[in-house]
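Please read through the structure below; I'll follow up with questions.
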Amino acid sequence: MSAEAKLRELGIQLKDVQVGDRPLIPWVLTGNLLYTSGSGPSFSGKKWSGQLGTDYTAEEGYEAARDTALQLLSTVRTALGSLDRVRRVVKVLGMVNSAPGFSQQPQVINGCSELLVQLFGENGRHARSAVGMAGLPGNIPVEIEIIFEVEPQG
Amino acid sequence: MSAEAKLRELGIQLKDVQVGDRPLIPWVLTGNLLYTSGSGPSFSGKKWSGQLGTDYTAEEGYEAARDTALQLLSTVRTALGSLDRVRRVVKVLGMVNSAPGFSQQPQVINGCSELLVQLFGENGRHARSAVGMAGLPGNIPVEIEIIFEVEPQG
Amino acid sequence: MSAEAKLRELGIQLKDVQVGDRPLIPWVLTGNLLYTSGSGPSFSGKKWSGQLGTDYTAEEGYEAARDTALQLLSTVRTALGSLDRVRRVVKVLGMVNSAPGFSQQPQVINGCSELLVQLFGENGRHARSAVGMAGLPGNIPVEIEIIFEVEPQG
């Protein structure tokens, strides 16, 4: 099943992402690699603010990482027109806003990784680092950036 | 206006960057992607040491990030001979030495991002993550690495 | 001397790395770039847990980074069949679990960088960032990810 068909099956509606006019843009395509900007859990509209280990549990962080993945996939859809132009997920950098002593970054970022595999199957499996940051913009709990390999434009 | 012409207009003189003989080198070119090593605010000669949120304000951090960008552009000029061989800026990873609670990493890294757009125009707009680190080498306030897409050598 | 010959001279035996069935895999090859997942000091079997600056000195961190490099090279060997298919090391991101005030991340990550040059010679020199994290998975002291440029498959 294609990623777009799988999305429909799951009842997920991605959003249009605005490019805006700032120096920072949501994605850059170079050759057949699509680089995304680091994104936070801004898809569902739920407000997130705080660190893992004090304000949020790993389970809540998992939810934030899944929401972040949906934001990133919205970027990919806007960039490419269809998720089905993704050939594979290459690399995920999962950055977790971590209070001293928090070391369950992988369990948090799994919320992103598992969604990628659910949608893209074998091609969704990826190289990854999941690591703890001292702070993130606006005190979001999770920020993730992804590199995708895409089909050449026909 | 080309990036080199814009530099001249701004009265900025880039420096030659020494490759040295260490395992770590300032850049690697692979295909048409130029990867730079993480650099700090070592361009102007001003001494920087400390964290954002305690030792420096976001405004001071902005200045450090702009100085870091000038150091990175010096690397690019040394690597390519001319900034005009840059086809576009692909990805900026902006790492801010962040005291607990500091969450204005984007305002800091804008000091780099805005200079890139000033020089390269539309091609200077880039994917970016701006995040908070627990520490940086020599306690510098900012470290930035950039991936550039470059013109193939003629 | 080739990297494989150098390994034999040093008496180093790399390990087979299991791909497993998780969303996260040890490497992804896209074009002629090999991306590795972030890895820790899991090669020698020695147990590592703690931060630099409190639990470990920079010298101990150097040893952890060298052990991490051996784990990453095991991944490369498993991915490519031979280290001699590496054309060059492109980029190292060295992430050091850093207690407040620790700023010797470069001295730690040199344990990886110097081994790369010992094995690959001039082609082992690389762009790098060596930075301080607030936490790492399972409280490991060091996590490193590397991008390699590889020979096209014949």
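A few comments on the model shown:
The chains carry the letters A, B and C, assigned in the order they are written, with residues numbered from 1 in each.
Going forward, a contact is a pair of C-beta atoms (placed from the backbone, for glycine too) under 8 Å apart; a residue touches a chain by one contact, two chains touch by 3 or more.
A quick note: this is a predicted structure, and the numbers were derived from the prediction, not measured.
Under half of the residue numbers at the interface between copies chain A and chain B are found on both sides, making the touching surfaces mostly different. Think of chain A turning onto chain C: fitted on CA atoms, that turn is 120 degrees, to the nearest 5.
Spacing of chain A relative to chain B, judged by their CA centroids, is 25 angstrom. Listed for chain B are residues 31, 132-134, each touching two or more other chains. Within the complex, the chain A residues that touch chain C are 31-33, 53, 88-91, 96, 98-106, 110, 113-114, 116-117, 124-134, 147, 149. Chain contact summary for the complex, chain A toward chain B: residues 22-28, 30-31, 35-38, 93, 95, 97, 132-139, 143, 145.
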